[in-house]
């Protein structure tokens, strides 16, 4: 069976759900999952809908153009459709920390993540052996003050050559260039090692230690131009005490970072995230 | 606006969502929330749908009979509809522990729970003053070996006279009679002070202490004839250590019991629970 | 048996634990609990020690003066001793929100909190009936721009007349005066409705909603002159989603506030908190 | 500096802490951490004490024999001492699941676990490549009905030849032989994929699904002869809903298993666990 996932947002009005579901039904689709959200402050409607069609009679391109004509235009929808056949292509950016990389590749190997990983980019050569042990190409693209532009061009070239759909910054210790952010809007996932908006910026564990918090956290979010201020996908926390040193926080935090990043990636792959007004709608 | 919440379950097949949403749309309703679940093992479909209608043109009874005729019969649905106008009537059963009672009545006072509480029944007189301070009638119905049947009759009489919709056992330390359970199927909510199925029966904190668990829990569930084996609505847990005495567990557990019972009650009031095969579907 | 709890801090050096425990042993005390912490950055030593003495032979004042002479002076300790006989006197400040007040008084009634509550102060008359139902004196001390100083004097007078040991701000919606903070250093416990340092100041649930966080929190802390920047005693969090309105956050937050404040109060009463460098050491 | 960790248990009586700390002080040790617990039901005293000595003047063997003579015999203590110099030797047993193995070896590589891992044993050849990529010897010891005794002998031989201190069953899908359990009492750590005592035995995720729990868990525990009934070291849980299939539970559970096993291993390595009456005391 062909499975289509449609994500919609538009101004809220009466009859949208009925129109969409009716359209799918008339096209011999069976809706297996539907979820929606209305942002009442902005009277905006969001919907995620998974339907199954008979591949023998189903014409995907045809379906999309008729949907655009009959439904999307009527409600002035912004919408995307995704098929299950296509595995999104995910690039991983790393630096020297290996825990998130190991975790992602372990899940990838275990079949948890329905993606292709065409390559890993790093500004340091240190983690090459991990990429190799998982048989994934590794590109060392150093970034220094003087090579920033060249590095950016190298990155963009690799991303485009491989048709990368989205990027994961798995503790990549460089600020991503504006051009990249623009090109991959809501398609770059970062892991920040604090429960944002607390402890924005560098060395959040040091700041957490200094403030004497009893809980530390991690946040996966889409990257926007403002540092650590993009739409939050997922957060989680762990308890700490006065007895924990900064090193202890770093170690405890690693487990949080791994899990919170992995959940963010999985939600993105499963088309369960939408972004509106710098916030996410998470259909899970 | 009149708000109608419909709960449906039936055999899974193609077109149910489209049929229902289309019906609501044609009756000038606006769907504000829709959620569904398919139990694939049992090919059973579940749906919860909130719609808003114009009260000037909307005829509730008429709507229900046409829905039954055109939709429900076609798919052999079991279904209920609820209006927002009607506040369900909740009876509370207690014994001597007051923490859950205080918590429920505090939330009731704060407007968290959209119910009426016609009365509180207890097999002990101890908590009468709490009922009085919240101005809720309190009936002392003692239960001993010899008075079990009389007590049951008293309870049933009170429940029927007041048109009680569902019952909350807020640490009621008596086993509820079969007749009551039959009469209020999936409408009696109990709080058990362990994470079921661990530590079924009496004194779960003692058992938890003896086993040396590092986590204790509480479970709110619908009461069935088999003790502590009914459909689970909500569970939560708290960390404990070797240093906690049984008394410490009891005290820590009180906070869990309050919250887990309150969440269970709220889900039930909001029509967010369905029961199938001794399990709950929780639309939240 | 007389139970003495000693809290110590001093510069870290060799032999402190042996000296203290040996002193207690020679005075026929039995140590039932000892915990310590060394802040390595500041080479500072912290200790909490519970000992039991035979009340027939034990002279508390004598014990303290000899301890001061033989032990405390040698190590230049700052220290306090507390007996179990004495119940600390706790004043509660409230405004209009009742959930924390109900929760505290419920725990007080249940015997969870080993304190006396000589009175409740409020800048509004709204919660008087709760104080009355728990038979605790209630003083309405309005605070307006013009009456700030008079109010402060009234508060201080009440606090001193009743020999209040510490103050709990149970969602008191006024900034406490500097004089009060100075007089009750590390003895005023506030509940802030966010996981500090995120969302300092007014309307944290609104800010949390706006930022689109997936976790909200609450923080109990000692009050210092800088707003919401005092030593954190306890924090906890709850998950939220895009579907939660600000009102939902407020309601979910109430449960957090109650529990986090109650834990903070209990730790303070049990002499399990020490403050150093604007951070707490929590012996639990 | 030489760091010594002493674990003690004995009948509770007055003066133990003073005696021990005084002894360490007189031997020119500086106590950096002390924790104790009294089991009041069994009037048993437990203590964990870390001390630092000047390696130039400190004689470990001498210290131990004098401690035995002067302190341990007086109080009839059972006690162990450990030095920081010695890295315990940990054997890992696996079968086909790789997530716990990857997690342990990743932590080992990152320096989180202060152990040596002389080898990995498996009853299947599947995970050999992982062992190799981390450069750890891998022994395939098949276990069938007929080869059980031979396998046990092979295992014991390997364990003894390498001087293994403790064993980790990282989802090892075989019941360990009595001889092994006897030889490594409280030194075999297993991960069970439920919050024990719920769902003892095989297929706990299937049972959890069937019972409709809202929380799943994992438990690391020392192995005793009774299946899944040994002393619990650590537990943790994760929320699930009606929408999770058994496969979803298995996937969610993997993250729990990794973390709960890792924490159990770390506590054991750091000498923070003691066992008494089939329960653990965890000094953390």
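As written, the chains take the letters A, B, C and D, and residue 1 is the first residue of each chain.
The working rule: a contact is a pair of C-beta atoms (placed from the backbone, for glycine too) under 8 Å apart; a residue touches a chain by one contact, two chains touch by 3 or more.
Just so you know, these numbers come straight off a predicted model, no measurement behind them.
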Graph separation of chain B and chain C (steps between touching chains): 1
Selected interface, A-B versus B-D, where C-beta contact pairs are more numerous: B-D
Angle of the C-alpha superposing rotation, chain C to chain D, to the nearest 5 degrees: 180
Centre-of-Cα separation between chain B and chain A, whole angstrom: 37
CA centroid of chain B to CA centroid of chain D, Å: 42
Pairwise touch network: line, ring, star, complete, or other: complete
Touch list for chain B against partner chain D, complex: 37, 40, 195-199, 211-215, 217, 231-237, 241-243, 245, 278-282
Contact set on chain C toward chain D in their complex: 14-15, 17-19, 21-22, 24-26, 28-36, 38
Chain D-touching residues of chain A, taken from the complex the two chains share: 98-99, 102-103, 106, 109-110, 112, 133, 251, 254-255, 259, 262
